[in-house]
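Please find the structures below.
Below, subunit A partners subunit B and then partners subunit C, in two separate complexes.
Coming up: the complex of A and B.
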């Protein structure tokens, strides 16, 4: 009954209500776009990190992540290998040798991180093999794959020779010639500048490592289980090893996510307050137009609380209706955008720095949907309190006399 | 008081008297229904305040970052050999001649400049090797130019007459497991393409707070670097600081003119650090978009207020028309009302925004704690400040005023079309 009354009341002045509804709709659509795009960008940054190199979990000898020196290799690699092969949660894992070195072309030189991989495993393990812009992925010994940015810097082309210079396990300076067979481009420039790939065998020979490796990178079937699986692994392997999840390896991402969580509500608050002014405005207008009416209602015996509820209900209806229409419009924009993505090519170099890729696909999380659903109704509830209190102060007789 | 006789003065058409009258009417009208206008005023003030604050923080912080980065790492302007930007290599180094120094010192807008020689080398100690980046610097120029000498954690920075001495980045130093006074071998490819190695004495450990550099940087005297890499009298970059960021275009143009015969390129920080420039643009664009939404939402409120105030006064306006006011006069009066209220809101919002911005300029906020890591990735201290640039206030004022007027056009048009009898009969 009250609801019906409220519904009819808000449509007594159509234009006014429509205008406020529009402001709620604009607010909801704006928040939906801002929020889903931020989440989408963050998600792409995380996914790219995982898919291009880091994977879900990495195992090293303790201290490796601080200082990627070759002497911090995993001596008992056979044990780790056998432990890992016993888990069914693991989709695939890759053995890598990683250490610093200097790459020289005839033209220039650059400090790099040399990654020795088993091509047949790594090919399906990371996205690098699918990001080749020239040539092909490494397949046999003596071949090297480098990033586009590095290739430009060193003036290297497919088929060119490059010299890798490292100090091996015994401290001797070793150099070896490799042939460039491929050039890749990942979404992150900083990655492309530093990471170069050779075969595991080559790397082991170069560093004089024998059969040992410096890293096991693991992909799980279910990414959500990284933390619990990490626990399981550390129990099985003991404390000689550092077992790191992707969050621990790329702290930058984690901080970006924390920052998002801490700042996103400010956007909701700002838009919410702006909408609130509009709602208070029309609620006040509408009660002052209806002073006489309220006087009659009160004189007839309607309780104050009922009148208060009526006003709150009217406001809530506007907020909720606006939210629903806003979500509808939002979805009409969001659904095609989440498929096609938004091409931010103009900012491609900045996005390459963040490693998100130039096309951002907005992502709507349940958390965002929850915020969107409840922000505006909540705001309109708050906005109705002052007009509601105003209505309580009316005395029936004064209200009836009001012109 | 203005003498007022409808028929006479209206016929005479003395515009200035009318204007005064209209302004007065508008001012009084605003205060006839305080509540409604106060809410609109608050909404406008809120939007203006937030816009001024957010723009201030964005622009102020950008300037801080630009100065912080360009101060030590890029200069506001940089001189390089043409093509170095695409292919940074010793091959693209150039002769640092006396003529060049003369050109730089004679330009009064240049407050400091620093010649540098960058090269990538391998650094080894006790069987461990790492990739390193040589920063061949002139210690006396750097004193005026960069903050390097203030970032020393252990030992000292290079002296103007340092020979065979190096200062190493914090992380690299720790990875090498060396201590101050140790001798260390560098191996690098010289200007002639040949590989050279040389022994240096470590005199300092420096922490720049920029992870990539702390992992790799090796400072040495420019003269040492030139000798080591066999590039006599050559540098790869000259970094230049100006008295103000706004001087960049003019100085850039005049230097380009003077240096064009040398095959040298003069580049601004936007060109040497395009990704940084774009990050700023990206952040700026998203910020403006958000504020646009905010202002539009507030504008709907203005639309409602103006509509209601026109509608409520239909009767009054009808009478005015009947006694000889013209529609456009009424439109003008209501327009003045809108402008009054918008201006008061804008002034108040600007004032509040100014206070907050002023406070932030004087007391920049250090985003310590966990956010440090984000900024370390990109090389500057996490800090945010604000700006008091006039254009922040002017742009905000104009956009708010513009939007307020645009959103009043529809009710004003209704008023323009109002007929006396319809107005009087309106209930």
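Coming up: the complex of A and C.
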């Protein structure tokens, strides 16, 4: 009966209810788009970081992540290799030599991070091979792949020669000539300026490493299992290695996720508060119009708690109905956008700095859906408290006299 | 059996910081099954007395006992429950809930009492039939005449089988014929069901039907006589 009464009460003044419902609907649609777009952008950044270089898990010798000096190479690489080959959770893993160096062209020079890779593995492993804008991916010794920004800075073109200068394992200054066979462009400008690729063999020779490597990069079938798999690996390999998940490797990812978590509350708060005042307003108006009726209900013997519940229920109905309609409209917009993406080409340069592409695909997560489902009903509940308290203060005798 | 007893009931209102004495030490006893009409000019304290007996207002001084219980000492929640179970109200302006049908308006007190749905349906239809308004069951107040609405209000007051029905000027907004019919119907209910009625009115039709007439003037009982 209370629900029936509440439902009919909200439709007493149809126009007013429709106005406030519209504000809830617009709020839900706006939140759905902002949130799914933010998640989409974040996911793209994380995926790009993982897919371009980081992978899900990296294994190094302890201390490598703080100082990528060549001395921090993995001496017992055969043991790691055999341990990794025994896990079925691993989709693919790759051996890398990574250390600092200097690249020189005829025009200029630049400090870089030299990455020695097995081209036939990395070709399927990372997105770099699919991000070639000029030339091709490295396939044999003596070849080098560089980023577009670096190529522009050094004025290097396909077929040009570049000299890599490094300090080898024994501290000797070694330089070697490589031919530029490809230029790539990842979504991150900073990445393109720093990472250059040569073959694993070339890197091992350059740094005088023998067959040793400095990193094992692992991609799992299921990204959500990284933490449990990391623990499993730690047990199997012992404590002379540092085993890092992509969260730990890319502090940027963590910062972005933290930022999203902080900002998204602010979005919800701003839109929620705006809607809340609308709901408070109409609930107060509706109560002032019905003072006499509350007097009648109280005189009949309806307890204050029931009248309070009636007002809360009316407000909750508006919040819930608005949420459902808002979600419906939101999905109508979201579904095609999640397929086609939203082209933010105007901001492509700044997006590239953050490691995101210019087409953002909104992503709806269960967390977002949960927030969307409960925000407006919760806001409506909060909005009904003050009007509800107002109704509690009404004395039946005064309410009955109210005109 | 005594259902109502008031002792030295006084009510003083403050209006613009000036005290206005509405009732001056009214002591009254009403027995079960009486059909009491409280008459008197405007400002004589009729409605104030009715509101105090109904527990809608609190006296400045004095005691009110309903079925032996001192309602002036009851807390708000307890008093609301007492009103729900033992008192029925009929107001001057009907005061039906406009979004509910006649059936639902009458059903409301039973819902609040927690009566099961099947029993509610039976009791509501029974009282609507007794009052001759069962065909209006699914009409909303704005689809009914004043007289019909007031009958629904009487049905709402009677459906819980209360000890007392308090009616404040129930015929004030009705034409004399409809008003006379309504009061006759209330008198019949009083005689057939034994419910105690206390009605405030200065309508001659109502006064004529009174089993006991109490006249108030300036907050004092001026006249109290059983007619039947």
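Going forward, the second predicted complex is superposed on the first by the 376 of 403 C-alpha atoms of A that agree within 3 Å, B and C clash if a C-alpha of one lies under 4 Å from a C-alpha of the other, contacts with A are read in each partner's own complex, and residues count from 1 in each chain.
FYI, a contact is a pair of C-beta atoms (placed from the backbone, for glycine too) under 8 Å apart; a residue touches a chain by one contact, two chains touch by 3 or more.
Keep in mind that what you see is a predicted model, and the values were worked out from it rather than measured.
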Contacts of A:9 with subunit B and subunit C, given as first, second, both or neither: second
Partner chain(s) touched by A:1 [first = subunit B, second = subunit C, both, neither]: second
Touching partner for A:298 - first (subunit B), second (subunit C), both, neither: second
Which of subunit B and subunit C A:337 touches, first, second, both or neither: neither
Comparison of subunit B and subunit C by subunit A residues contacted: B
Which superposed partner A:382 touches (first subunit B, second subunit C, both, neither): neither
First (subunit B), second (subunit C), both or neither touched by A:359: neither
Which of subunit B and subunit C A:26 touches, first, second, both or neither: first
Which of subunit B and subunit C A:173 touches, first, second, both or neither: first
Subunit A contact footprint on subunit B (complex, rising order): 35-36, 39-40, 42-43, 46-47, 50, 86-91, 120-122, 124, 126-133, 174-175, 187-189, 193, 195, 212, 216, 274-279, 281-282, 285-286, 290, 293-294, 296-298, 300-301, 303-305, 307-308, 370-371, 373-374, 377-378
Residue ranges of subunit A in contact with subunit B within the complex: 15-16, 19-20, 22-23, 26-27, 30, 34, 67, 69, 71, 100-102, 104, 106-112, 152-153, 155, 165-167, 170-173, 189-190, 251-252, 255-256, 258-259, 267, 270-271, 273-275, 277-278, 280-282, 284-285, 288, 344, 346-354
Contacting residues of subunit C [partner subunit A, same complex]: 51, 54, 56-57, 76-77, 80-85, 87, 89, 91, 95, 97-100, 104, 107-109, 111-112, 156
Of subunit A, residues touching subunit C in the complex: 1, 4-5, 8-9, 11-12, 292-293, 296-306, 396-397, 400
